[in-house]
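See the structures that follow.
Both complexes shown next keep chain A, but they swap its partner, so chain B is in the first and chain C is in the second.
Showing the complex of A and B:
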């Protein structure tokens, strides 16, 4: 499934003194089977863009197309799962199992299919052992896993994660990035909205940089990050390698941590 | 986010009414409220209505905005009028249509009641539109402070009002966020009858309530860590000053009301 934004513009509170143009003429597509990273500073329009991908926000002008067709919001929401920032704020059921079952039940699935979905999703997020507990008695990281499972249990074709790792410990964060990779392997596209360039660098197939509501750059991580190796636009790996590349093109353009480590090793050994 | 302007919202402009001491305005509103129940003549209502119109003009709140403040009560007012007009059998019959009869007494009473409610709400709206919530709470605390001797928790009450007002927009925003998060999970808040719709609100209300308690805890800790220990010996950043013009305003309000009752 391919979700495409065409010339999307979004204005909050139009016609009032509080009017804000959050997105200005954004065109961008989420391709099938990819992890698309969306990066940008606070107020760059990342979260607004995320909510357009399942039409929770309607564009002020422009279109949202799915496989070149327009869909109604309700239909789109079944196929594109959106996990908001701090999704644990929306946990509500007495048990984890019930909470995760909410979305698949809303889809009208059979009870045994729902149960199976819940089990599989909790398993994927490493939260199977929490099924019988109250979501309010969990730790921050556990709540986050459960809340993400609550959306993933709909089995969406595209999963949009808005700052999924904000405020998490490094271990849970690594686990979540692992989940993103696993989903992509399983054929689900993932849109990872984040201000953390390092984590986007680890998992993204393509990167889109938003700035003041406009797409400033879009492409593979190598293209985007090596075009702007400044501190505010590139992950640590690129900021380390970019200055070393001068006169040593053989280093290449590594972005992920392991690639970068291998490239630097190669450089050191070559010299010795 | 934008909650829309509704009843009881502060309208921040500069005007003679905004400058008045909160206590004077609260007392004047109280006098008007009591007076409105005693007024019983067309002339009296006209006098008070004229005074309210003048005050609205003096408050520099645009009249359109001010009328918006009154919108929420429009339904109640029209219902009361309808009931009074059709179900009161007092005085001469003016109209007869099937089982419906309109009597003179009912018409007059309905009109008086509508005016009474509208003027009451207008004075209350004037108070909240021209007085910042914090000043309002300060004023209430000060007016209630003589009751402290009777162990009435005046400071606590004022603090509660301030905090409640401060958190209305926050909770509103939180409710919107949760609603959207549940909508993303397929929740639908518009289908089915009233009971189904009320049930559909549960996934929003439960986290909202839990969030409010968490917020309350955090706020209490933040206040304590900044040295808050209740009202005892606490000084104010904004000092209240009751000046000559405040006394004058209060006297004017009392005069208008007495005039309205007497004519």
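Showing the complex of A and C:
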């Protein structure tokens, strides 16, 4: 499925002294089978945008379309799953299994389908061994995986993750990026909202840069990052390669770590 | 076994924070969150704390701040037990929580920043001045009358930091203070911390080793045990210690190491680019 924002504007607390315009005329599509990275500074509108993709927030003006049609919020939320920042704050059930089963059960699915979904989802997140545990006795990284499983168990066609790796150790972060790749391979589009450009560089097929509620750039990672190689808008790899490209175009525009390493080795060994 | 403790820079004077065989378990948990943790911090020391999720980093801060009571062993802050004297200890200790949501309490940003000072009974004019200065220092001018719940995660993190700046405590406990910040925001926070160096005692929990390259000492906590207390240089050059504790080098150092360039002085991506350019230049001349 394709989710499209058309000329979306969002104003918090309109008509009050606290009015804030968080999104200004944003047009952007999440294409089928892609990982779309949403990046931008603090307060640039990333989370507000994420919450429009399943109409948790309604646009003040503009439209949200799914495959060129307008859907009601309830139907949209069954097809687009949203994982909030620090989602483990919403864990509530006595066991991990019950927590993950909550949303699919509310969809009215048969109990054996629910069980199946719970098992598969925990498996995908490497959390099957936690099924019988209390979610409150888990570590931060484990809780995060369980909270994500709770949304994935609804089998959404698009999964929106808002800062999913904040507070995770590097190895757990890496595992979660592996889950993002596996989901995409399995036909689920993923929208990854992140302030960490290095992780977006590793998994995104396309990147959208937000600035003060507007889309500043959107395109493939190499297009976007090499167009703006400054510290605040480019991952480490691009910041290393960009100054070396002058007079050495053969180095190319690598973005991912392994590509970058290969390109730099090539440079150092004197081959293009 | 190699001795991996008590390295790094030394500061004189009595310890301001000390833990002696500190052991703590969460109710209902079969495994201790911290077991037999022993270390001392001197006034002015900058200590990093790293290690896997569930290793005990946040728990350690909460024990130092008196939010939990030790099962056995001792924790002392300026000679006081934080579990029995939490109010006296918290006059000296400021804490930033990992999830910025958990630290914000007041209806408006400026009230939130002032909250700690109000509790200490600071005089009104001085309080205004300190709040204004702190808000400016974290780049949130114009946000004074915003409601914290309308702010982004990164902005909330800045508000929480401003509250700490206004309070200016002797001892700072920072639980992943940059976890929600972009590159610019992170750099600003780290510069701010740098200004405190030596004048304040800092305990800085993070998953980003590049934030600790100038720390006096890095404590590594894994599965509740203090497995190392080493200088940052020692840590980044010890692949076993990194791997065993699920730590990763920052991308710049990882690239440098994979290219056979010693990671020593290469802090930023721009440093690495210059080192590569110099190397290519000298090799081209040699051919």
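Methods note: the second predicted complex is superposed on the first by the 270 of 272 C-alpha atoms of A that agree within 3 Å, B and C clash if a C-alpha of one lies under 4 Å from a C-alpha of the other, contacts with A are read in each partner's own complex, and residues count from 1 in each chain.
We take it that a contact is a pair of C-beta atoms (placed from the backbone, for glycine too) under 8 Å apart; a residue touches a chain by one contact, two chains touch by 3 or more.
Because the structure is a prediction, the values reported are computed rather than measured.
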item: Clash or fit (per the criteria above) of chain B with chain C on chain A; value: clash
item: First (chain B), second (chain C), both or neither touched by A:54; value: first
item: Which superposed partner A:151 touches (first chain B, second chain C, both, neither); value: first
item: Touching partner for A:195 - first (chain B), second (chain C), both, neither; value: second
item: Chain B versus chain C as contact partner of A:20, first or second or both or neither; value: second
item: Touched partner set for A:77, first chain B, second chain C, both or neither; value: first
item: Which of chain B and chain C A:91 touches, first, second, both or neither; value: first
item: Partner contacting more residues of chain A (chain B vs chain C); value: C
item: Partner chain in contact with A:240 - chain B first, chain C second, else both or neither; value: second
item: Partner chain(s) touched by A:102 [first = chain B, second = chain C, both, neither]; value: first
item: Overlap of the chain B and chain C footprints on chain A, listed as residue numbers; value: 13, 18, 89
item: Residues of chain A touching chain C in the complex; value: 12-13, 17-18, 20, 39-44, 46-47, 85-86, 89, 134, 137-142, 163, 166-174, 195, 197-198, 231-232, 235-237, 239-244, 248, 257, 260-261, 264-265, 267-268, 270
item: Chain A-touching residues of chain C, taken from the complex the two chains share; value: 26, 28-29, 51-54, 58, 98-99, 101, 145-147, 150-155, 157-158, 176, 179-185, 187, 207, 246-248, 250-252, 254-255, 258-259, 268-270, 272-274, 276-277, 279-280, 283-284, 287
item: Chain A to chain B touching residues, read off their complex; value: 13, 16, 18, 51, 54, 56, 74, 77-78, 81-84, 87, 89-93, 102-103, 106-107, 136, 150-151, 154
item: In the complex, chain B residues that touch chain A; value: 2, 174, 177-178, 180-188, 202-204, 206-207, 210-211
